[in-house]
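Structures are listed in the sections that come next.
Below, chain A partners chain B and then partners chain C, in two separate complexes.
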Partner chain A sequence: MSNGIVTSHIINLIDKDSRLDGRKLDQFRDIKIEYGVSAKSAEGSALVKIGKTEVVAGIKMEVGEPYPDRLDEGTIIANVELLPLSSGEFESGPPTIKSIELARSVVDRGLRESKAIDFKKLTIKKGEKVWTILIDAYSINDDGNLADAIGLATLAAIKDAKFPKYDEKEEKIDYKEKTKKGIELKELPIPVTVLKIKNKFILDPTLDEENAMGARLTVTTVEDGRICALQKGGISPLTPEDTEKIIELATKKGKELRKLFK
Partner chain B sequence: MPYNKRFDGRKFDELREISAEVGVIPNADGSAKFKIGKTIAIAAVYGPRVLHPRFLQDPTKGVLRCNYNMMSFSGSGERVRPGPSRRSKEISHITEKALEPVLDLSEFPSAVVDVYIELLQTDAGTRCAGITAAALALADAGFPMKDLISAVAVGRIEDKVVLDVSKEEEDYEGGMADIPIAMLPRTGEITLLQMDGLVTLNELKEVLKSAKKACEQIYKVQKDALRARYLK
Partner chain C sequence: MGELKVKDKDIVVPGDVLAEGMDFLPAGGAFREGENIIASQVGVVSVNGRLLKLVPLNAKYIPKRGDTVIGKIVEVTNNCWFVDIGYSNHACIPLRDGSMEYIPKGADLTQYYDYNDFVVANITNVSKSKEIDLSMKGPGLRKLSEGRIIKVNSAKVPRIIGKQGSMISMIKQMTDCRIVVGQNGLVWLYDIDPLKEVIAVEAIKKIEERAHIQGLTDEIKMFLESKVGVKNAVQ
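Then we have the complex of A and B:
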């Protein structure tokens, strides 16, 4: 819920290089990652908390036919659900544009463009049978920066995942039996969202700070510093200088966050 | 074929491990997590708040609206498609009916109290876990309530009454009766009663007796969770 007084106070604070919760402009809240939160049901799962923001992600794997133009490749399908359980602002019903944007720009694009997953290795039988990795992320509590939390949670869930046993003769998956084989991640595409408020840039915004933003840019980077996804949001434009500065900030923070997985 | 030993080695009148925690979702007006065995339910309450569309409003009291949902990776087989199904709609409905009798919403005319239940992991007994979590979340939100609601699934396999049915028991080849029950633990009044299977009246009597005992145990865990949050 936006509140005019809080918003103007936040803007004034940020203009003076400080924040409502006392953090530095480029400082994240505490991050916690918990693996295997749905180990009985999901092939992989993880919970990520960034401050009071909480997200869970789960992986299911299915076997199906490949796309006609990619006969020797499996694929991923990414989905984000912004649960009404997680915020008074979210409603039940079909996916909103916000949840579609998060699924496409943060999860799907990050994994695809970084080539983190070798889709060829998901082939069981060329032209006939390939694995599909189904990634679902759910918000549990929204206190801002869902994008980065969802990005970390989906990576953690993929790292946690083990293929279920597949019987090639019967053409059936035995979901009760997990193999030791995991999903190889060749890259860790880490999304970092930077907000521009007045002429300052902040990382890991709270919900109140998101309500005060002019512009937003989510920058997903890989280990060597290359950018694999960008998504701009917010009503204000960004200058090329702004964009450079934001990418610098996000790349630096992305390096730090990558260490959470090592 | 007699059923002499349970698949998971429990005694016939033994619940799986249970735990509860309230206040797990800061944004919500009330929230709780309830685990029974490997089934994990999270519930959040929002409201009272304005009910849309308006024709659903009741000018004499607030309306309780429950929504039960399994996360798409929480099933035992393939991915569950997001969004409501016939099953989840029915469970949402019976959840409302299970909770309404203890809740007094007369102070909130034309408003709605939304209860969202999410299953993070499922291993039988999900509707009962959802109801138990929801009752805690409503108490956490501070609504006037006559009592909590505790719920458990009781089964009958061959000549045995089995408390807190497991997934293997649900799928028992020789056939079984699965009877989810919710009650006011202090009075034993029943607010949810469903059954799949076949039983005699005498067998059902036994089932109800067993459910009462189990709900008392669950009630204790629920009360402890509320105490842990409010009586530090």
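Then we have the complex of A and C:
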């Protein structure tokens, strides 16, 4: 229920360094990761729950022709579907700005710019056949912080994925038979969204808190603290000091979240 | 000879046979089919002599005259405010019942209650065609300016309030939280200490979850004592 009274209450609470559900400003809700939730139909899949927020990610693999300028490289295609049942805000139909934002700047940019996946290793025959990895994330329930949930879910799904058997002579993929080879992840790009409400910064916002935000910045970092993606949202501006503070917070939290995968 | 098929306080689902024979009478939530009395809701059986009643576990709010409800202003016209109280029809606060103070003719009504404001109001009338009239004239009826609103199942509201308000006054006393429970299942809470407010919310959610259990007051008392300490405990 988005309403004025809760929004102003959140803003008042933030002033007292407190939140609606009693968490600390930089505290995440409970995170649960479940691997292989759709083992029959996808090569890799995972379900991530952050509090009441739920996201399912799936990996499909196809064999196709490489791009003309990258003859010895495979590719990834990321897509995010915001299902109408997961929130009152989402409608069915073509991708919205929000779903494109999540797919492009959180999933795709995070994986591509961190160089987590070695695209050269996805080549079957140079210039002719390469693996295409399709990454799809679906929102099951939106209670805020979809970006981080989608980021974690896609990483978990990639970790879970195994290549299907490919017959080079008949040029056919046998999806029923999985090989033991998985996708090698060299880095773990973890997105962390930081919300700015009234000069305070909070992590893992709920839906009500997202409705009360001034600005948000999603920072994707890898193990050594390198930033590989940034995405800003919300109407109010961020000063350089704000941005530094946010990056510091997100890098620290990213390190904690990375432990979930080890 | 009639035979009772269930015990008092049993949980039944629709279609369950509660009793056989003509010795028992169906009341709310149950009906007679031939010789049998059958449940029509999910609920807890209450056996009162020959009377078999079902207390539903889950119910939509149905407005009654005299109920105090919390609602959101969804429309402001030139002579009334329309309020969403969680029923199929919007309720109406007519101008004459809008405020304790005099509202001059042609006044901007949004100055009193604006869109998305929450108000505590009293139901003065429910017509046959389910048009609901509200009044803001009375003690404690007002616009809610700060605090949070949570939603609970309206079937559990009697448990949250308790006998003669025993449960809710215990929560208020132990957490120092200000609470208004609307009969329609919306609850308003405010506490200067945010953590105590969270404890009060947890307590209310706990009551909602475990409403069908006996001895709930003691359980909630123990829960609150463990959270806030015995300092504030009821003597």
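A few notes on this one:
We adopt the following convention: the second predicted complex is superposed on the first by the 261 of 262 C-alpha atoms of A that agree within 3 Å, B and C clash if a C-alpha of one lies under 4 Å from a C-alpha of the other, contacts with A are read in each partner's own complex, and residues count from 1 in each chain.
Just so it is clear, a residue touches a chain if its C-beta (ideal position, glycine included) is under 8 Å from a C-beta of that chain, and two chains touch if they have at least 3 such contacts.
These numbers come from a predicted model, not from an experiment.
In the superposed model, A:His9 makes contact with chain C only, not with chain B.
Of the two partner chains placed by the overlay, only chain C lies in contact with A:Asp21; chain B stays clear of it. Taking chain B and chain C in turn and counting the residues of chain A each one touches, the greater count comes from B. Applying the stated contact rule after C-alpha superposition, one finds that A:Ile190 touches neither chain B nor chain C. Looking at the shared chain after the overlay, A:Leu122 reaches neither chain B nor chain C. Once the two complexes are laid over each other on the shared chain, residue contacts for A:Tyr175 go to chain B alone; chain C is not touched. With both structures placed on the common chain, the touch criterion links A:Leu146 to neither chain B nor chain C. Across the superposed pair, chain B and chain C touch chain A at no common residue. Of all the residues in chain A, the ones that touch chain B in their complex are 37-43, 45, 52, 54, 56, 58-60, 62, 79, 81, 83-88, 92, 94, 134, 136, 138, 140-143, 173, 175-176. Listed in rising order, the residues of chain B touching chain A in the complex are 25-28, 38, 40, 42-44, 46, 49, 67, 69, 71-79, 82-83, 114, 116-118, 120-123.
Of all residues in chain A, those touching chain C in their complex are 1, 3-6, 8-9, 12-13, 16, 18-22.
Taken in their complex, chain C has these residues touching chain A: 72, 116-118, 144-149, 151, 194-195, 198.
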